[in-house]
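Once you scroll down, you'll see the structures, which are given as structure tokens.
What follows is a pair of complexes built around subunit A, which joins subunit B in one and subunit C in the other.
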Partner chain A sequence: MRKPSSSLLPSVMRRCFAKGLMALPAAILLSSIGMSASAANVNTTGLAVTDETVTIGILHSLTGTMAISETGAQEAEKLAISQINATGGILGRQIKIIQEDGASDWPTFAEKSRKLLVQDKVAAVFGAWTSASRKAVLPVFEKENGLLYYPTFYEGLEQSKNVIYTGQEATQQILAGLDWVAKEKEAKTFYLIGSDYIWPRTAMKIARKHIENVLGGKVVGEDYKPLGNTQFGSVINKIRLKKPDVIYAAVVGGSNVAWFKQLKAAGITSKKQTLLTISVTEDEVLGIGGENLEGFYSIMKYFQSQDNPNNKAFVAAFKEMWGEDSVMGDVTQAAYLGPWLWKAAVERAGSFDIDKVVAESEKGDIELTTAPEGYVKLHKNHHLWSKARVGEWSKDGQATVVYTSELIEPNPFPAGYQ
Partner chain B sequence: MSFVYEKIMGGKKGLTGFIILATLILIIFPLFLDAFRLNLVGKYLTYAFVAVSLVLLWGYGGILSLGQGIFFGLGGYAMAMFLKLEASSPENTTIQSTPGIPDFMDWNQLTELPWFWEPFTSFTFTILAVLIVPAAFAYIIGSAMFKRRVGGVYFAIITQVIAVILTVLIVGQQGVTGGINGITDLRTLHGWDITSDSAKNIFYFINCGLLLTVILASRFILTSKFGRILLAIRDKEDRVRFSGYDVANFKIFIFCFAAMISAIGGAMFTLQVGFMSPSFVGIVPSIEMVIFAAVGGRMSLIGAVYGTLLINYGKSAFSESFPEMWLFLIGGLFIAVVMLFPNGLAGLWNDYGHHITNKFVFISKAFSKLVPQSLLKKVEDAR
Partner chain C sequence: MDAYTSSELISIFAMQGFSGISLFSVLLLMALGLAIIFGQMGVINMAHGEFMTVGAYTTYFMATLTETYFPAFMPYYFVFAIVVAFIVAGILGYLAEFALIRHLYKRPLDTLLATWGLSLIMQQSFRSLFGAREVSPTLPEWLLGSYQPTETIYIPINGMFVLGLTAVVTLGVYYLMFKSRWGLRVRATTQNRVMSGAVGINTKKVDRYTFALGCGIAGIAGAAFTTIASTGPTTGTLYIVDTFMVVVFGGAASLFGTIASAFSIAQAQSILEFFISGSMAKVYTLLALVVILMFKPEGLFASKVRR
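Up next is the complex of A and B:
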């Protein structure tokens, strides 16, 4: 009975050890850089900051159904942190990471965030992906006065002192996309379909108001399917019957694979039908397959194919760290912004204290000119100014950007869309 | 006295086990764990209610319910609804289109509180709902199944299906249930901040007290005539029926009782963790809780608590140390326990526990010599 356990343990240790070894050269190289202000001055609230290091937490699902989506985000965060460390760290301190697994389970997210804040005293947490996980950790961050950088595009209707939202809120993504499709495709009739939870429902609520009140169009159908649903036959029949100018989709996660394959099987392809989705990034396309999506559109703020020097450097660095085959979706890029935004705020504040970092962030003038998506600025309301982009998918799983909006002001509580 | 000693405490062995458990959770944990870890243990102990209920149902009644999450969830949701209503006072929700209703209702374009939410403004009603709603639901399921002599694997499957149905219902009706997010952001109970460390400590002890009470009540049921009939039903249902007993009623009773226990756990969970979500109602948590009971030993009420603590401690510890491969380690733990100790942790205790019990008796006898005789006499008189 002893055998299996004894052969299991060393392999675990070997792995950890090997990981430690890989990090070692970087640590040696960098330990010489940086003359730091003493820890007491930059940290008056007892965070995990020493003269040489500052500890942060990464909290994403490494296991469970969300792991496939969240992997990119945590990889991007680690990339940004390793780059920051390579250029001298923050206030002369190297960033140490404590990673926790949210396990696609909202109570686990709450437990782990409390652990990171109460026990590990991390100076910032980069993490959460779904709205449900954010809602689960939010009271913990507010209670323990932590700082969360949340990377996902989401439904808005929230603005917490303790969260910086690096993804786009609903209006930033939805309105620009609808305007574009109405103008470019002369769309008048829309069919709305989404997964059944808070984000798609809020997104569709805003979309419907915009279609009816601003664009003068008509919503000819609105359907929600449970998360994980793989049967879209009835919806597809209704779509055939109603013949909408545009299918406007917010189907999330694994359901997307069934949704697009069944559309194709039913003969609804981009040749005859315009489809705009707000929930498909390069990550999802890996699973769906580019051929099932060819010619359909996504509206995001970032596409991997974006042609600018920042993005080229980001894509190259990402592939070098995580492998040639990796793809970078919208959320991956937004997650990459988190550590950089935090660095900017900390350096301005000259302190890791949460209240001071938040106060700097709330001044509304922290800019990142090196963002892969181009340029972003942090708004007073904790969200980012960013541009919306429409990408047309091609067979190889990459999108061509066919439209870029102006810089859009984030507005998590849009008047007239409630 | 002998009634209490034999029937409730379960004799010398039962008493020793009970005292060790009580010492561990009431004295040792609070002394040696920091606030964060203690709160975690408190959360684990809410699952222990379900594990204890499964010992009654599965270990003694032979009724394998793979849907105890249903009742845990019902209890938890009832408590969450009360707390959410308190958190959604008109002053707290001024930014909403309709102030005074829970935020998720506002997002889902509801403009008034649904009728079945109304009574949950009353704390008394909530407590009653925590106990009665799950029991009533269990009564309906139980009557429908046991009266028709549905049992064994069919019963297990049907409870699973009900768990799935309830999850789909909660997720689908997000306007009134909070959907997949669950009911979150619960902060106060009658104006008392339940997120503070002191509140968490108090809940921890209430939780422990309730758990120990539940164990004693369960022990009482099992040592009574009812318990023996239950065992008989498990081993030879037909023979009990031919002897003139209404088997179905016995099964319905124990199913309702188990549901009630699970619901208490759910309500305590909501109070300590601060939210409730459909992820506790479905198949996965329900089966997990069967595993807790199996690891602890499905014939042991106290073993179930240890099983729950061990597995959950393993989950937390492994996932903190090895975030990328902790699931394998947990799987390894399951396999190891089932292979090495088929009767769970309680089996270990039964095989080796008497050594400890003897020592304990020895110590307590030695201790009694140290206590002044006059004091002992007073205690005797008081009895």
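Up next is the complex of A and C:
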């Protein structure tokens, strides 16, 4: 116990000097009077922690294109926090939220995260959604030694001391999905299609390697459409020409709606064609319409329809807080896990200090048995052990889980896929 | 690769042809309203996409209303929704002209900035009113699915619907502009504002109604696009670039130019997309456009007007 605190002291001093002498007298004053002994114990690095409260940040896009997707995530985080507060908070402290708007703009994300860490001194940040926004805030979190809980399933190939990834990385989603479809549907030929930006392109690169090297299948076509594109006629005809066993799709945002509507209108339905997507959750289905997706598959780790007591409680609480019409998608659920994982790590560390919380998280044995998806465990590598699930969409916009994998170990750097 | 029967190839060819025509009708419908506003009035309306979104949200609102209160009316509501979308977007356009645009006619660059601001205001209002999530109206059954002339050819019905609607709107605009007294006044004002005023045309009124008409047509386009894509607060920004591209390439003040430009862009894009990937097809199309505009800066068909 003595060792870490003594090694921390110089760094605190250095930071105080670096920021000017303003903070220094206050620090001396506090320690000399010896007030708030408890706050000093649980917080040796000057985070926004008092005897009654601890402040955290929520950083999602409330405006701009991504607001559509990120709304659910920030709602889930607020739900988790209000539940934690209702049951006594963390280390006896109520959680206070400072919310910032990333505005779907990556430099804004970086700027706001700096504000949250430097000015507000928040103990943790729950936020970011796209890979682009995560990449933008990453250097800030590493420099200021902040702690980010990132909720989205993503392409992997990343692991930072300052980030806990509560969504699934590539192998837990992309590879699991391909394995399932190859086995279950005896698929040999694949048509890959996605929106044109980092996540679909990386995901498809990994998928192609897996199809060609592991499954012995063939990629008969690969296509990327600009974000926001609404015309898929030509691609659909190409697909018809190539006759793939499986369409493997990662189309995002508004394009998704046009893509599925046009597939249906072109007579490509689940009766004749297997389609597996890695980008459709209950959130997207709201816009796409269940009737356009009927019989197609999504590979995720969570579906709202999952039948377990944790999930029933989660769905009920979410609807009570955010309205009867709200739906919960994969990322919403992953976002909900963030505050709970943080609570678990903080309580074990007995401190809000980032380094201590990270050290606890890295022990690799923090479990959540109350997770709506069932059970998750935090791995040493900052990702979650979780199960992959294939959902078959039905008309009402909900999915039936047709396949659940074993608990998959997260492996953000799979050999042979880089 | 598998062998193809000739009938399969023919049907793919036919469907590819239709997807080109379908894209053409979408582009044309988007551009018509702007062609009137930009072409006749010289106003660069950056909020054009948002007027489309107004139409789309109106349709969504009508669909929800019908579904809740008159479910029996569902198969027919869409036609009314289009009319209502036209009226709502038109009224909003009228108000925007009255409150904002008319003060800036002599300062084209300021209109650009002002309408861009207007577009941001409208986006945020959509977000506050309808939420950040994208929505889709429940479409009547007859708009879904596809028409199958043969076993292997699928022609999407919503595509045909948009095509038909585009034809009707284009003919309507043509009639209004070139056959009606009102169109005569608009064209006169475009050609010589001072002289038109001198012969007793209320040019201010003409401006206001022209702008409202352009916005109303944008509303129709927005309503029609709910059959293709979903609607969100920022949907308009997706359309605005294509819209300007069509109008500028066609030559500002020419209805025929707009049609020709929409047709050539759509065909180039859809044929290229079939052979190369979607993003590159767009790159080549835009590249071709830039080169052509370098040699013909006034666009495909420039009408000769005195200002």
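As a working rule, the second predicted complex is superposed on the first by the 381 of 418 C-alpha atoms of A that agree within 3 Å, B and C clash if a C-alpha of one lies under 4 Å from a C-alpha of the other, contacts with A are read in each partner's own complex, and residues count from 1 in each chain.
One rule holds in what follows: a contact is a pair of C-beta atoms (placed from the backbone, for glycine too) under 8 Å apart; a residue touches a chain by one contact, two chains touch by 3 or more.
Computed from a predicted structure; not experimentally measured.
> With everything superposed onto subunit A, say whether subunit B and subunit C fit together or clash.
With subunit A as the common anchor, subunit B and subunit C both fit in the superposed model.
> Touch test for A:Phe413: subunit B only (first), subunit C only (second), both, or neither?
Only subunit B is touched by A:Phe413; subunit C is not.
> With both complexes superposed on chain A, which partner does A:Asp245 reach: first (subunit B), second (subunit C), both or neither?
neither
> With both complexes superposed on chain A, which partner does A:Asp196 reach: first (subunit B), second (subunit C), both or neither?
So A:Asp196 meets both subunit B and subunit C here.
> Between subunit B and subunit C, whom does A:Gly289 touch in the aligned arrangement: first, second, both, or neither?
The answer is second: A:Gly289 touches subunit C but not subunit B.
> Does subunit B (first) or subunit C (second) touch A:Leu138, or do both, or does neither?
first
> Quick one: is A:Asp101 in contact with subunit B, with subunit C, with both, or with neither? Answer first, second, both or neither.
A:Asp101: touches subunit B, not subunit C.
> Should A:Glu75 be classified as contacting the first partner (subunit B), the second (subunit C), both, or neither?
neither
> After the superposition on A, what does A:Glu169 contact: first (subunit B), second (subunit C), both or neither?
Touch status of A:Glu169: no partner.
> Output check: A:Glu360 vs subunit B and subunit C. Expected answer is one of first, second, both, neither. What do you get?
Neither subunit B nor subunit C is touched by A:Glu360.
> Using only C-alpha atoms, work out how near subunit B sits to subunit C after the chain A superposition, in angstrom.
Shortest inter-chain C-alpha distance (subunit B to subunit C): 5 Å.
> Jot down the residues of subunit A that show up as touching in both complexes, subunit B in one and subunit C in the other.
62-63, 196, 226
> So in the complex, the part of subunit C that touches subunit A is made up of which residues?
Those residues of subunit C that touch subunit A are 1-2, 4, 12, 15-16, 18-20, 22-23, 26, 124, 127, 131-136, 138, 144-146, 148, 154, 156-159, 225, 227-230, 232-235, 237-238, 269-271, 273-274, 277-279, 281-282.
> Can you tell me which positions in subunit B touch subunit A when the two form their complex?
Per the stated touch rule, the residues are 34-36, 39-40, 43, 95, 97, 104, 107-109, 168, 171-172, 174, 179-182, 184-187, 195, 273-275, 277, 279-280, 316, 319-320, 322-327, 332, 336, 339-340.
> Quick one: in the complex, what on subunit A touches subunit B?
Spelled out, the residues of subunit A in touch with subunit B are 1, 4-5, 8, 12, 16, 62-63, 99-101, 103, 105-108, 110-112, 114-115, 118-119, 131-132, 135-136, 138-139, 143, 155, 157, 196-198, 201-202, 205, 226-227, 413, 418.
> Any idea which subunit A residues touch subunit C in the complex?
Touch list, subunit A to subunit C: 62-65, 67-68, 71, 196, 220, 222-226, 228-231, 233-238, 240-243, 254-255, 257-258, 261-262, 264-267, 283, 286-289, 291.
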